[in-house]
Amino acid sequence: MRGRPDRGTVATYIPELACVDPAAFGLAVITADGEIACGGDCDKPFSIQSVSKVFTFTMALGRYGNLLWKRVGREPSGSPFNSIVQLERERGIPRNPFINAGAIAVTDLILSGHQPREALGEILRFMQFVCDDPSVYIDEAVAASEQRTGFRNAALANYMKSFGVLDNPVDLTLGVYFHQCAIAMSCVQLAKAGRFLALQGRNPTTGLSVVPAERARRINAVMLTCGHYDGSGEFAYRVGLPGKSGVGGGILMIAPGKASVAVWSPGLDDAGNSHLGRIALESLSQRMGWSIFGA
Amino acid sequence: MRGRPDRGTVATYIPELACVDPAAFGLAVITADGEIACGGDCDKPFSIQSVSKVFTFTMALGRYGNLLWKRVGREPSGSPFNSIVQLERERGIPRNPFINAGAIAVTDLILSGHQPREALGEILRFMQFVCDDPSVYIDEAVAASEQRTGFRNAALANYMKSFGVLDNPVDLTLGVYFHQCAIAMSCVQLAKAGRFLALQGRNPTTGLSVVPAERARRINAVMLTCGHYDGSGEFAYRVGLPGKSGVGGGILMIAPGKASVAVWSPGLDDAGNSHLGRIALESLSQRMGWSIFGA
Amino acid sequence: MRGRPDRGTVATYIPELACVDPAAFGLAVITADGEIACGGDCDKPFSIQSVSKVFTFTMALGRYGNLLWKRVGREPSGSPFNSIVQLERERGIPRNPFINAGAIAVTDLILSGHQPREALGEILRFMQFVCDDPSVYIDEAVAASEQRTGFRNAALANYMKSFGVLDNPVDLTLGVYFHQCAIAMSCVQLAKAGRFLALQGRNPTTGLSVVPAERARRINAVMLTCGHYDGSGEFAYRVGLPGKSGVGGGILMIAPGKASVAVWSPGLDDAGNSHLGRIALESLSQRMGWSIFGA
Amino acid sequence: MRGRPDRGTVATYIPELACVDPAAFGLAVITADGEIACGGDCDKPFSIQSVSKVFTFTMALGRYGNLLWKRVGREPSGSPFNSIVQLERERGIPRNPFINAGAIAVTDLILSGHQPREALGEILRFMQFVCDDPSVYIDEAVAASEQRTGFRNAALANYMKSFGVLDNPVDLTLGVYFHQCAIAMSCVQLAKAGRFLALQGRNPTTGLSVVPAERARRINAVMLTCGHYDGSGEFAYRVGLPGKSGVGGGILMIAPGKASVAVWSPGLDDAGNSHLGRIALESLSQRMGWSIFGA
């Protein structure tokens, strides 16, 4: 895979991300019984960016339950990750928790009743908990870089605020959001973190239930329909499994009952999803017969 | 289910459909090993309307393969079934084969090189073949009713024609489309017809392969992400299985490897999908543990 | 002006219009006291296309008065001449009578209660009346050409029909509309035809009042804000007078109290307005000090 | 006029504006030869809000000339004053200088190369200069109120910033913008301030030329096509003169060569323009025969 010439383009709109080696490639698979297969730069931390939305969405569902759906929808948007058009048509309610506006609304809910530092600590601890690894950290340089340049996200947040969809001061919500996106994890850590979604909400290593089985299924459903912005249909069509991508080049993919997979390759396709990452996951899913659309 | 008070609203925009008994309710399940469980008005033919799009899409994929994707996309639209806004932004290429514009483009491809009567005969014979029942017919009164009032579809077709996305005269393509939507089938017939999608493309009764296994998976993927218009995310979230609805009140649902299910209840919800039908399928999927999003 | 190299592009979407000599250029000015100054191909008939909308709008205002505004708005659209997006947002009511959708809605009102042939005769006679010249005719080849290829207009008409904004069968309304656009007139005839708009609704040659003074003012106001599609602001900014363009390359311009002007040059700019025609009118308006925005 | 029951609704989205007496009504007319006719609350200062956009636009045209048009268009938007949809379609370039986004872009240009305090001083001095009255001031309470609640404007500004359309930090540009909108003037002062637009750019009282005659005409043209958001066509149709409204209930209207008029009535119509103000101006324009659309 590393020799493949067309790797897509590394995201440059967050300056700090543009420094990443475009030739990096890592893959980690954890099967249901806990076996790990991995390769390439699978232990090198990268900026998980929007993959973090899966976990903040999980946290907010746990705290707010169905009340969450008053602030965000669960339909595919048919629009790019940072589109604002849909917000104007639907009075500030984002289409789903995996586009930027929706994830900011989710983060705002997690922040409510807390100081930013506490909320961020809670998010980080949740990430460390689900992957059972306390070494997960926030890359402050990436967070600062995004904070300096995240005008599009500031537009989305202010827009929602004008409709009363955000509770907290815009700057505070964005501060937490940018830091959450700047969480750095390796493929191995990320695959471990997604394991509960493949196993009915339980983490067999820790023996703990992260979410009820039904909720794990529902999170997977939202990942499948909305996890790749306006490339979600393509991912479902080609790969046939729930997944969530980030502009750092990472993708988390869940094969329910079978495996949790993380891939990392920084070059992105036009829809903002890892180009080689998606190809690798398509190939893996086909060889393993993991598609959820046919036994 | 029949006693449930809130049944939604019967579609009235096709006058002939407004005559249907709103209290009708039918359900049919065919399991992988061929057992049939059914109840209610499960043998009464109803207008399958947009459920027909699954089968014309299957036919066109068979004839054109990946060339089909030059005429239609495979992303959720984030819009109602008859929206035209997306077409203007994307130069006449419909988002997916399950919104009206996309289905009209697919029917146009099936019509190419044929007389309308031939193309329609081919579609009808395909429906009879997949459900192994020659009694499937076209309700001419419904077709005529839709032809008289289908201005929105005529707008979509003319719009695509102006971009060169349709090959045939608009009137002919629409004529075939309105007749295809007027195919009348019972729940039992429809469940049988969908069986190949649950069984890797094969129909065990006839012993014939309808499509290759990979194609069956891909059709299911498009059904899951796009099968319920701007209620597709909701169906995936609640039911967790691929499905395709029609404004006649029918829904075809596929549990890969396990069952093909058809339900019919004419009252529709706001997104134009059968209200009780969806609730029945959600309940069935949960009790049977059929969701594809968690083993 | 004829030597100017950049002439824009002749409209090709109506095949018959593409045959016009791109080097043609005509200009005719009629002053308040009836003097005519003209030059170039000022006596050669050309297809007035959307300039006809000024006159059908005038006719419909006369017959329906303010009831007309139930079918069409009077705000600039901010969109190209053939956009359909705005119609979806505003339930089939076109923004103004000078975009295609609005002009079709106006023609539909004129058709109501008549046979198409009668309605068309009435429109043609009105054109002959206002320019006091019975030789104005309809170019059947252009009408037929547009009828064969006018899919975008058919989309607009069917779309409005689906919202009940049109009363008559779509084909009949479009038939009248395509013929009205195919009216052929010379610059001299067109300048004469617009004279009543410059002179408080009266035609001094015939001595007849075409419309009340207040209505003439209001028609001019709609021409200024909406007469050049999404180039209306540009025309107001540069030329400073009400005007209406057509894709045949003609523009009618009114200098209230001073003159009626028609120009013809087939090459169009990006907004679909005559490129040299607009430049000529800008130059004329400046030299004569005709701008309505400063004494 | 004061007794008229339906006065529209006072703007409440800026809390401080909601405190204004809804029954206030003032009118001031200054004719070409300097006579002043006024009545009602014509000497009471009110928040001019968006009327200020006429003057910052004038300043920016003076400093940047046609380079200004690289940052903002001059076409009607067909959208409400605070719409963001158009910005996404047109890569962050606002349609015209009189919608909020466009005015923010203009203010950003005025700010460039200056400290916010300097830029604001320059704007205030220009207002004092054109109305020849040093008592014009900025209402800090209104500015502070808008700064606390102007999330929609912050969304617009951040959105443009993400496309590089703003040069300065968003907070600084918005700070100047909110203060400029909070300028308080009476009808008499405002009518005086607009006088140069009626008189070919000259101010006869001071004897100074504010702008060249051609520029005054062009500013009037933009006011006519864009001065009342998506009610601009209506104002042109009914009143027939260039005008610019503000959510504080003020409207500045220019009768070229004849008069400058200011009206103030805080109740707004659906498009955000002063309800009684517009009716008063329509009545005045008709009685005086001032419409620019018919001699």
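Brief remarks follow.
As written, the chains take the letters A, B, C and D, and residue 1 is the first residue of each chain.
Assume a contact is a pair of C-beta atoms (placed from the backbone, for glycine too) under 8 Å apart; a residue touches a chain by one contact, two chains touch by 3 or more.
Since the model is a prediction, treat every value here as computed from it, not as a measurement.
Between chain B and chain D, the least number of touch steps comes to 2. Comparing the centres of all chains, each the average of its CA atoms, the largest separation from chain C belongs to A.
Measuring from the averaged C-alpha position of chain C to that of chain D gives a distance of 32 Å.
Separating the CA-averaged centres of chain A and chain C is a span of 54 Å. Averaged C-alpha coordinates put the centre of chain B at 45 Å from the centre of chain C.
Counting only residues that touch two or more partner chains, chain B has none. Working note: touching chain pairs come out as A-B, A-D, B-C, C-D. Across the complex, chain A meets chain D through its residues 83-85, 87-89, 151-152, 154-159, 161-162, 170. Against chain B, in their complex, chain A makes its touches with residues 73-79, 86, 95-96, 200, 213-214, 216-218, 220-222, 224-226, 230-234, 236-237, 240, 242, 256-258, 286, 291-295.
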